[in-house]
Amino acid sequence: MRKINIGMIGAGFMGKAHSLSMAAMPMFFWPAPAIPVRKVVCDLTMEAAEQAALRLGFEKYTDNWRDVVNDPEIDVIDIVTPNNSHAEIAIAAAKAGKHVICEKPLASTLEESKQMLDAVTAAGVKHMVAFNYRRTPAVALAKKYIEEGAIGQILNFRGTYLQDWSADPNSPLSWRFQKALSGSGALGDIGTHVIDFARYLVGEIAEVMAETKTWITERPVQAFGVDKLGTVKLDEQAEKRPVDVDDEFMSLLRFENGAIGSIEATRNGWGRNNFLTFEIHGTKGSLYFNYENRDELQVCFADDPADRRGYRTVYTGPATPYGEALWPIPALGIGYGETKIIEMHDFIQSIVEGREISPSFNDGYRIAQISEAILRSAEQQKWTKVDLI
Amino acid sequence: MRKINIGMIGAGFMGKAHSLSMAAMPMFFWPAPAIPVRKVVCDLTMEAAEQAALRLGFEKYTDNWRDVVNDPEIDVIDIVTPNNSHAEIAIAAAKAGKHVICEKPLASTLEESKQMLDAVTAAGVKHMVAFNYRRTPAVALAKKYIEEGAIGQILNFRGTYLQDWSADPNSPLSWRFQKALSGSGALGDIGTHVIDFARYLVGEIAEVMAETKTWITERPVQAFGVDKLGTVKLDEQAEKRPVDVDDEFMSLLRFENGAIGSIEATRNGWGRNNFLTFEIHGTKGSLYFNYENRDELQVCFADDPADRRGYRTVYTGPATPYGEALWPIPALGIGYGETKIIEMHDFIQSIVEGREISPSFNDGYRIAQISEAILRSAEQQKWTKVDLI
Amino acid sequence: MRKINIGMIGAGFMGKAHSLSMAAMPMFFWPAPAIPVRKVVCDLTMEAAEQAALRLGFEKYTDNWRDVVNDPEIDVIDIVTPNNSHAEIAIAAAKAGKHVICEKPLASTLEESKQMLDAVTAAGVKHMVAFNYRRTPAVALAKKYIEEGAIGQILNFRGTYLQDWSADPNSPLSWRFQKALSGSGALGDIGTHVIDFARYLVGEIAEVMAETKTWITERPVQAFGVDKLGTVKLDEQAEKRPVDVDDEFMSLLRFENGAIGSIEATRNGWGRNNFLTFEIHGTKGSLYFNYENRDELQVCFADDPADRRGYRTVYTGPATPYGEALWPIPALGIGYGETKIIEMHDFIQSIVEGREISPSFNDGYRIAQISEAILRSAEQQKWTKVDLI
Amino acid sequence: MRKINIGMIGAGFMGKAHSLSMAAMPMFFWPAPAIPVRKVVCDLTMEAAEQAALRLGFEKYTDNWRDVVNDPEIDVIDIVTPNNSHAEIAIAAAKAGKHVICEKPLASTLEESKQMLDAVTAAGVKHMVAFNYRRTPAVALAKKYIEEGAIGQILNFRGTYLQDWSADPNSPLSWRFQKALSGSGALGDIGTHVIDFARYLVGEIAEVMAETKTWITERPVQAFGVDKLGTVKLDEQAEKRPVDVDDEFMSLLRFENGAIGSIEATRNGWGRNNFLTFEIHGTKGSLYFNYENRDELQVCFADDPADRRGYRTVYTGPATPYGEALWPIPALGIGYGETKIIEMHDFIQSIVEGREISPSFNDGYRIAQISEAILRSAEQQKWTKVDLI
């Protein structure tokens, strides 16, 4: 059985998720298209990298990502670093002829996104940007219903991503709140997942009309760069520095196919944890999904008799997409890991079969354009065509 | 005990709801500020009016609303007719010195709304526009939390009103789909309730940026004018005529206090029946309400310990607003009737106590301005200041 | 149009609910089978009765229930007093040839229940015991599904009634906690509603096997007899007296048709308000109902395709039982009042049409037998056949 | 860092789950107490075992479990075979001085359970029975609340486990429906998880009073022994053989501490997938958990003010048990895998630290006693003391 050697750059929260996906993929998808091998991991220091290798099950480790990129044994570069380093690594990897999977958003600027797309295209390697949530089985089921025509012509889409892990003004100024490192705030970090849902389920977005806010304008500096999200407790005396990215946005959408939409994301929604939702109304039915209850999809079919019509709560399982590979009965439990395992499978499969996989860097770049259009629309206070970005 | 004589103009769905509120008000609120007396009801024909009086418990009936307005026995005119007749009746009632309660929206045009407001102001009578949903106890509880500062400074508001009773293109062309009779569509009929929530809970709306749609562009004509909403089954051969009002809108909002918001309403949301919701995020907590589960309010307090924090499902009852008057324990059941009974009580009380009551015609007119701003914004595709309408 | 004159004995919480039902019934059901007239109300003192008449809209009042029973103008006696007075009043009413509607449970002892049944049977009058919750439209819809065979052969039933209004040991010792006045505790007060559901939906109960508890063994005495449920705040020094009824029970059930079941009720379920639920599994589907979300019924049909199968949330409305009479679209809101309005309608209709109506005193007596069997089973710690009671 | 070598016997659904837990454990828990090494896997044939090793990431494979048990390199035997083989393997493993983790229920008979317990006790090895659901973070949080006294004295417990994967009479006769292989049906397979919850959260069960049913009395034979749960589609002509185990049971409980309870499980609950729930009422609060929404625990605290009291939906995350090890924010998603990863961690930790871990074979044996008491109680139709089994 073919083996595919992976070099992973980064070893934080996403490094853990990706390592899990590599280890677990053949356990779930069997026969596997190939066995992913955790070959080498790169972290900032040799000490950290050694720990990462032990912890995450990699054979080797290094503190020099260029060595990984240039390692002839390596087939795939997996990028799980902060956004501002994605471009340099991905471009080098592509030039070295490696397939690339990169965490989202594709980059911290539109320009970098374009350069990344150009690089992988020129190199002819496979590429994927890790908008994993669309691989939640319930989201894939929604896609299936739509493709089957089960809800008819789509009229509208509304998506939200509400969180509260940084709603406390005293939670630390991680790289996610610094434009130089992250590119944007709630928009890039979580809003892009909603944009990915919108494009995946409804179609291409033509125009946006947005409003952005930064409610929490400064945060305490953390002593070192690790991204512990909301859980670090900081000294009350800690120096504070400015947040220069958005922590909330709302946008109206116009899709190319005539549907309309609204999307929004906030980091200040107390009580919402990972409230990534969509509701879609079509001429023949409706869909509702909330990642906080990700095992289920809500669907209403218009042609049910009036006294039996209502949203159905369909639990995903063996009968729904990816279900044969996952757990033997519905509601045993889909977690974050499963979305990543499916993602890794589909990427490995795309390499083995020589096919493009979505979301690719093309999607990542388009989402970057839409994000940029949202920011410009908010600045200029007017409807903004994505194609003109 | 003082009695207040009511003349009701109209006897459809809203006539039923208002009659119930008159009969039941003293049963619930005791001692009552006054006893409302169902004195006279007016319908289109004497035969219909006679039936209405018997059915709804009125002492007298007529087919001439001017007789009611001019009846010296009558203290209050209650207007439950289609939107395009509100203005003429209300203005005449005000001139005759009657207090006026009028179904929402205030009128079918902005101009009429202004004339109605001017008339009641000039006459010095009490006036109310029946945005009853804000009198759902759970909504009043949300207001109380906000006034107590329990959720801190409000950052954002998102409101929806999703229905499906007319999502079938073969449901009849009632007056609600004809601009000449209704003024607008989903916006005026249901969207105005969301606008009322936004103003009641967050504050004045300064600017709007909207998109409107008419997805179902024609509907079968019904033989007679009765508003049976979605339930009438029509002949497949029935002639169809155009719908000339919106059946969906989405709008971004800017509040005067700096909060932002989004609102939307649709008549095409299969599976959503009376999905009137709001979610509000504040610096110290969050609120969520859905009228489909109207006995409860969801609230999250930021200062709960992290391992005990989460949305609380608070059932309204004796301990919450209006609760002493309603049912002796929570979850016995708040229905549409209760919102109307509270509304009637508060209006009667405002008359007895000589105070203004909200939502008054002032509110009704402001909501009409906001609605007009939404329509203009959608037409002109730009942010529109309500004050300039 | 025929009028039916009602004399109501009692004027507390239930007096309010019944008065509402009389006033509102023709507003909802039209043409009405007859118009119920609130003729005379009886309370403990003339002063209280006078207030009750004004408040509840009765023409006359008295403090002598025998005068009502013997009033030749009166067609129906409506009994809304504490349980221990039901029998005397009902029997006298029957002897006087009056139709009788009586609040549940039928009486405070099994013997009284039997005497009441015998009296109405002998007199040939119509009789109803007010287990109103089965007239929640969603419960009637469950019945309809079952009768249509939509869920196949019923295998099991589980019912609960969980409340917390008296979970605080300092809430007052109302008549509901005194055996001499109420007969039993959670069992009679709320458990009987679950028993009514079980018999209504599944069939006759053959045997029970129960456990009962009294967790709160004493409560403070309230100065006067009014039943304010949990809302009265009492002096901490208030004298306490024993509670001599159960506040929780659990029972296994065997139905005559072979299905099995479990039911339970508690007054100590913090956070549960009126948590009256059932879940039924059949060979072809399942049902779930929770009165706290009473507008909806959950139903799953086994023959849906596996990738579209799941509980459907069906909102009751015009297309479901009683819907034409209620509100024009689903989810406008079913409250406690609506269950009582339907109940009153069906009782008045049974009188006009000369038909028996269920739940009749026959049902009330059978439920009393089952309740007695539950108490005996708990005492004797063994399966107890209801027929042997 | 210490390594612990694991030999796994079996490679079905549970083999997959356990392999995942071994691979992922150090990724989640770091520093890990030790690194579990997937050393050798045993399946029925060498061909199957080879595939299993490749798929599940084991270094070696065999078709002879005795070789694994006697392999001096092996530290831990992990038993994931059908119930009737647990005892022989576990006893041999204990005799060989291996620590043992065994899937639940402990064995297919009470006698075997006792022998297994005796064997591990005599050998002085560590032992665990894999009732993994109690390691759902939300269940661990419930335990924490109870230990903190946050809900006061526990009055009652009600647990359910409802499934439908075998509700179709044409789903195959897997080993789970054959007494000789499984020991019991819904009781042993899923009911024991509920019993584990009851003991873990409330305390020891003293007496039971149960009812059992076998609704589907025969099922089609599947050609080979693989346990594909409900997903296999069988030939309509397939031979049918009897089911000789229960597919539903209900039981009343008496706990040693005076609390009462009810538990039930069914395989015929259409629309319920993995509906493993508990509700607990205490003097100071209540708890509700449903594994189908396993990221959250519902908790109500009695001492909240009446107008802010209600069930709180607490999402588990970094602030709740095991949270630091799992995902960085709540609602990223707990799945079946996470429960197994925690389980493996706690077992490995118990070995490293030389402590007993719960649920141990002691718990497994007690649960077997309770299961036996439930069966006897149903047969004899009377309350049955567990200590007398």
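Just so it is clear, A, B, C and D label the chains in written order, and each chain counts residues from 1 on its own.
Operating definition for what follows: a contact is a pair of C-beta atoms (placed from the backbone, for glycine too) under 8 Å apart; a residue touches a chain by one contact, two chains touch by 3 or more.
Being a predicted model, the structure only gives us computed values, none of them experimental.
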Touching both chain C and chain D (chains): A, B
Which of B-D and A-D has more C-beta pairs touching across its chains: A-D
Angle (degrees, nearest 5) of the CA superposition of chain A onto chain C: 180
Interchain centroid distance [CA atoms averaged], chain B/chain D, Å: 53
Centre-to-centre distance between chain B and chain A (centres being mean Cα positions), rounded to whole Å: 41
Between chain A and chain D, centroid-to-centroid distance (C-alpha), Å: 33
Where chain D touches two or more other chains at once, by residue number: 296, 301, 309-311, 315, 318-319
Topology of the chain contact graph, where touching chains are joined (line, ring, star, complete, other): complete
Contact set on chain B toward chain D in their complex: 141, 144, 296, 299, 301, 304-315, 318-320
Chain A contact footprint on chain D (complex, rising order): 1, 13, 16, 19-20, 23-24, 26-28, 30, 32, 35, 51, 54-57, 163, 165, 228-231, 273-275, 291-296, 315, 317-319, 324, 327-339
Complex contact set, residues of chain A against chain B: 151, 155-156, 158, 160, 162, 167-168, 209, 211, 213, 215, 248, 250, 252, 254, 260-262, 264, 266, 268-272, 279, 281-286, 288, 298, 300-302, 309-311, 381-383
